[in-house]
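Let me begin by handing over the structure; questions about it come next.
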Amino acid sequence: MEDFYNHLYQKQLEVQDMPSNKRIAEWAMNVLHLLFPERNSKSFESVAEIKLAFEQAEVELFELLLKTKACSHCDNREVAAIFFTELPKIYNCMLTDAQAIMDGDPAARSIREVIRTYPGFTAICIYRIAHQLWLLGVPLIPRILTEHAHSKTGIDIHPGAKIGEYLYIDHGTGLVIGETCIIGNHVKLYQGVTLGALSVAKSMVDTQRHPIIEDYVIIYAGATILGGETVVGHHSIIGGNVWLTNSVEPYTTVYHLPNSKFIDSKPTV
Amino acid sequence: MEDFYNHLYQKQLEVQDMPSNKRIAEWAMNVLHLLFPERNSKSFESVAEIKLAFEQAEVELFELLLKTKACSHCDNREVAAIFFTELPKIYNCMLTDAQAIMDGDPAARSIREVIRTYPGFTAICIYRIAHQLWLLGVPLIPRILTEHAHSKTGIDIHPGAKIGEYLYIDHGTGLVIGETCIIGNHVKLYQGVTLGALSVAKSMVDTQRHPIIEDYVIIYAGATILGGETVVGHHSIIGGNVWLTNSVEPYTTVYHLPNSKFIDSKPTV
Amino acid sequence: MEDFYNHLYQKQLEVQDMPSNKRIAEWAMNVLHLLFPERNSKSFESVAEIKLAFEQAEVELFELLLKTKACSHCDNREVAAIFFTELPKIYNCMLTDAQAIMDGDPAARSIREVIRTYPGFTAICIYRIAHQLWLLGVPLIPRILTEHAHSKTGIDIHPGAKIGEYLYIDHGTGLVIGETCIIGNHVKLYQGVTLGALSVAKSMVDTQRHPIIEDYVIIYAGATILGGETVVGHHSIIGGNVWLTNSVEPYTTVYHLPNSKFIDSKPTV
Amino acid sequence: MEDFYNHLYQKQLEVQDMPSNKRIAEWAMNVLHLLFPERNSKSFESVAEIKLAFEQAEVELFELLLKTKACSHCDNREVAAIFFTELPKIYNCMLTDAQAIMDGDPAARSIREVIRTYPGFTAICIYRIAHQLWLLGVPLIPRILTEHAHSKTGIDIHPGAKIGEYLYIDHGTGLVIGETCIIGNHVKLYQGVTLGALSVAKSMVDTQRHPIIEDYVIIYAGATILGGETVVGHHSIIGGNVWLTNSVEPYTTVYHLPNSKFIDSKPTV
Amino acid sequence: MEDFYNHLYQKQLEVQDMPSNKRIAEWAMNVLHLLFPERNSKSFESVAEIKLAFEQAEVELFELLLKTKACSHCDNREVAAIFFTELPKIYNCMLTDAQAIMDGDPAARSIREVIRTYPGFTAICIYRIAHQLWLLGVPLIPRILTEHAHSKTGIDIHPGAKIGEYLYIDHGTGLVIGETCIIGNHVKLYQGVTLGALSVAKSMVDTQRHPIIEDYVIIYAGATILGGETVVGHHSIIGGNVWLTNSVEPYTTVYHLPNSKFIDSKPTV
Amino acid sequence: MEDFYNHLYQKQLEVQDMPSNKRIAEWAMNVLHLLFPERNSKSFESVAEIKLAFEQAEVELFELLLKTKACSHCDNREVAAIFFTELPKIYNCMLTDAQAIMDGDPAARSIREVIRTYPGFTAICIYRIAHQLWLLGVPLIPRILTEHAHSKTGIDIHPGAKIGEYLYIDHGTGLVIGETCIIGNHVKLYQGVTLGALSVAKSMVDTQRHPIIEDYVIIYAGATILGGETVVGHHSIIGGNVWLTNSVEPYTTVYHLPNSKFIDSKPTV
């Protein structure tokens, strides 16, 4: 066993210390709480207090970047500052997502219910925060954030995906959106939808491996759309359980034709 | 940015303060712990202590209702009282669920194992608590509870669904039961089953959008059953991956006929 | 209600006290943190401290076994000791899994990212710990551990399954591996794959109910492979959404032939 | 060592389980927080919420009494109810204490400062709560409460002491007020004052062992007043460091005559 | 009782919300941890991380000031900035205090032991932080800080007192230093020493009520020095239990002449 | 400020990392909880569980010693083992202390009350644990432990003091027992007693600086006994506020003769 302990000790010496996944996730959840007072029991008595809370979140982000050694050749403080400068735009985008869910789900009674209880909304918000950090070149933290959302909601959106406004996500469990996906505005995605790669070889890093979904597309539960050359044209509807590896024209509706056999198994008397 | 902070401040002023999702979920988990000592490290030394613990849970529920402004024109205290009067009935129903899992899963070694480790059992119990609150007209809290279960188990049962006794749920991940579903007694549901709406338009609020599953039906993994007019007759068996949008008679067995192509890809020497 | 309280009190008297699921899961997560300093903010200043930490983990395991009354006719202390003697082997196996993910996923940027963020890796590691305890005859704890992983990752691997080295698991949500599955080396499993039982009757306890997957098999997302007599021969590829209940020869590729209907639904002007 | 472990185990079996000191102290601190919103970050949105919070505190007290087996031949629930019925009177008394400190200490800037920062005020409040429980015959809990205050403030007031309104306590450290002390209204006590027993023999249980302090008495720092027959008449002033074991008439001023020697120890050049 | 609840609700509405005492104390303890790595398990990997930690402490101070409404007619942010600009000076002063204890107590084995374990050192440090805030006109927070130190150490130093460098405080329990005290450099104070007011009338606010202690004075345990006109000249020694209400010249030694009676109480045979 | 941060960084590099005071204190409090089930809400179901708990406490002590680098030239593991071998003896000694308080204080109603609520008992127990570590040559930890007790109880016993059985300590606030004190059996000490050094010069390290108190001595509140050559003979009684710097024979009673002036200050009509 001594060898084993020595091995672990050597490995530890090589490893960079960095903030825990938990702390990184808490930072993002805190930003969400600041943006959506509906989720937040902590209330502010003045605009000055809100401003201060954002400043603290910026300092915390700076510290996370510093400790992750996020930026070797750039300025972590500047990255943190840019993120918060962009935040109002991200926030407006999140509002469009909440609206899309409210408009699309008959079971949604109010925007407050959407913001407080819809896992789809949480997952999209975390993605939008992670994606901004991804755009700023921050390593590891974006993936840690979307994995946190994945763990809580079963919805796995890679921070590298490009997603437009008014994204509707439903129950969401099992939804996967791959790294090089491009999704337009006003898209609706139901649970168990996969927007994945057709085949998966390590050599494909940095190529377009995942499909392009244009504006106003609806993809029902369990549909699978694969491949970097697959484009789903705008205003198309992809039915539940459809398996799609080729592009479809705009305004196309694709149905899955189930192939089932029915047997009468009533017990004979 | 000042405008942004002002906007958030204004929005906060409009928002009702209410208990956090975490606190609401903890209340329900505590009720479960009281009902199932197998899950509970806190032990009671007398019946009086158990009684007291339930009284505390009732006061806590009253507080949650009060702070949620659950009942504007009714008596929150009475709602809390009714809930706990109904609890023994709910408990008996949960026992039938545990028994159904114990009887149905070869991997289950004991009722204790079912109660402590089966996510399906946890999800059903939380649903049964949430459904009782739903029946009492409590807003928001039922959805918060079932979303908590969804997040922990991947099983999404809408609190509005009506479900009979002896519900068997298996691994469960990805299972979805919609708001207007009606499920009979002795039904078995495997993972990835969707009991959903055929199409989803906001105008369909308050209509029967989800299927009716009669007694003694078994629905295997990945099956999708959609639509408010779809009735699965009693003693039917719906096979894995079946896609069903029409009613079936009692005692029907439906198989998915897979359509696969087999290629020998052995490397030639 | 008095009867109800009396009933709960009687039931409590019959129930064994045992450590909470949370504590059991924390023990396993702590072992993982010791093995993978990448996940761990606590650093050790000497080999002696690492050794001590493992000794503490062993004492903690002993306590968990003792309190679970795990071993009625054997020596809990010895079981704990054997587990930690086997740990270096388990660790080496986990390293092969990390390598498999690193080699197989184009989106993985570094081994550190795999270890810190891939839910598949976490689920496999927890399974490997739970499986060792299962082999040692420990009741309940292995299932509690794999359910913890299931809850966090959506990946459900039964601790009784037998799994070789270099297991690749991807996003993983919805993956199910049943109790009597046997999986070879260098197998790749994508999300939503089910390795399950063909039919599920309680009488089948202790029989081979789940399939055998030989070496170098790849199973794509959403595929379902069922039955204890089903053997997937080595170097086979099972395509996405395939439904398989019979054995296939080595070097077989199976495609799902989708059956979809395309309709042009462009609005006419 | 086995004998030692056996001994501890036997002893444990004999010992009653009861709530921890920490939990008992938290109950009392919570009551204080309810009474003095100045100390309290939790705010209430309506009178109904305040009422509910007191009801919860009453249920918690009932549980503490139940678990302490406080009342073998009386009704713990009734004791809890009486305590809260008396609370408004106790509260008014606490207000007189705060006023006494505000009036008496030149360094006190506001009542809020007194309530938030004066250890003397905290110690008096805890005493007044503990004394009410003492009057109701509750065992152990009153002493646990005053020891909590002692630990936090260095002020040791036995819950059995009888103390009038407008008690002024200053810095307080080292102040001791014995079990059978009787203190009038408008009394001022400085730090290090002892109101103790003249001699201390176990046989003196239940006799008047500690002095009587009448109204409007001031006792300066470090004074020691001992004995159950010692009465300090009203409007008397006892100077710092005075040692008093006999009664003094009303309107008496007692000075300590210091006996010191002064030496010029200037270094000679 | 309704009246009582109404009364508390009204009072609550009048009360300012402000940060809890606990949070204010934690801020100060955190500053101490930053200054003295001997007390601190959190280690920094670079100067940049230390700088960031101070910036966070400054933001936190700003927030505390803002929420306390500390500065109605000045700039809370500027106050926070000034405090941290002055901190290196305060730190140097603390180092002289640690050195004074190390030099003066034969039981002190190392500076590390002084910094980690001497309550006198903790109390002085907290006083020095509180005094700087007092100088900047911050209300309430300085008193909350010194009361925190009082509660932990039994040492009560008013934040308004003026104290020079190299202050030696020993065991300290019961030591009191009043609001208008002036203490020179290289002074040694033993436990139970009171530097207090001669008489205490509310009208004396803002007058010099407490003594002046010049450089190199030693005051032994239990001595009491009172009055705003009392000056203890430099290089004087005040013996244990001395009661002093008049000034003494420099280089004076004052002994307490004990007045005791010895009785042989040997039991006769 | 950059210089300041650099300075702190340099200092940190020089400083040894060691466990926090809090963690060290928790270890000792845990040992106390194991010894006195009256203080302990955690109950054990078997002797084996008790044994295990002690083993864990031993491992924890070993870790504390290791991280404190307690023993450079000896075996930390052996030191931890010896401590626990000695623990039954220490425990028996603590029982004599509890009995002494029970026998001596009329206000003590039961041994359970003594063990749960008397700060004197807590302080003695912590001292006895710290003293054993002191005897084993452990640096720093013993002082950290007795300072913890000092902070909680106001009682300051140096871990180096030698104290016999049946020590009675009362309210205790302000009690000081110096490093080289020697105290016999059956000694009673009241609050504010100082057993200190006559003069305090750094050069006196390792000499006998504090008094010797023989068996069956009683020392009443506020008495001060100083000097390494001062011996209080057995069966002596030292009255309250006595100031003693010379030895007294066995069977001596010493009274403080108060010197007070009484003035009738009745207001004339």
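The letters A, B, C, D, E and F name the chains in turn, as written, and every chain counts its residues from 1.
The rule we apply is simple: a contact is a pair of C-beta atoms (placed from the backbone, for glycine too) under 8 Å apart; a residue touches a chain by one contact, two chains touch by 3 or more.
Note that the structure is predicted; figures quoted are calculated from it, not measured.
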{"item": "Partner chains shared by subunit C and subunit E (touch criterion as defined above)", "value": "A, F"}
{"item": "Recurring contact interface, reference D-E, options B-D, C-F or B-C [over half identical by residue number]", "value": "B-C"}
{"item": "Numbering shared by both copies at the subunit F-subunit C contact, with half separating same from different", "value": "same"}
{"item": "Chain pair with the higher count of C-beta pairs in contact (B-D, E-F)", "value": "E-F"}
{"item": "Whole-Å gap between the CA centroids of subunit B and subunit E", "value": "58"}
{"item": "Where subunit B and subunit F are represented by their mean Cα positions, the distance between them in whole Å", "value": "58"}
{"item": "Residues of subunit D touching at least two other chains", "value": "17, 154, 173-174, 192, 222, 241, 256, 258-259"}
{"item": "Overall pattern in which the protein chains touch one another (line/ring/star/complete/other)", "value": "other"}
{"item": "Interchain pairs in contact, sorted by label", "value": "A-B, A-C, A-E, B-C, B-D, C-F, D-E, D-F, E-F"}
{"item": "Residues on subunit F engaged by subunit D in the complex (per definition of touch)", "value": "34-35, 37-39, 41, 43-44, 46-47, 50-51, 54, 84-85, 87-88, 91, 103-107, 109, 112-113, 116-119, 152-154, 171, 173-174, 191-192, 221-222, 240-241, 256, 258-267"}
{"item": "In the complex, subunit D residues that touch subunit F", "value": "1-2, 4-6, 8-9, 11-12, 15-17, 19-21, 139-140, 143-144, 147, 150-151, 154, 156, 158, 160, 173-174, 176, 178-179, 192, 194, 196-197, 200-205, 209, 222, 224, 226, 235, 237, 239, 241-244, 248-259"}
{"item": "Complex contact set, residues of subunit D against subunit B", "value": "17, 45, 48-49, 52, 55-56, 59-60, 62-63, 66-67"}
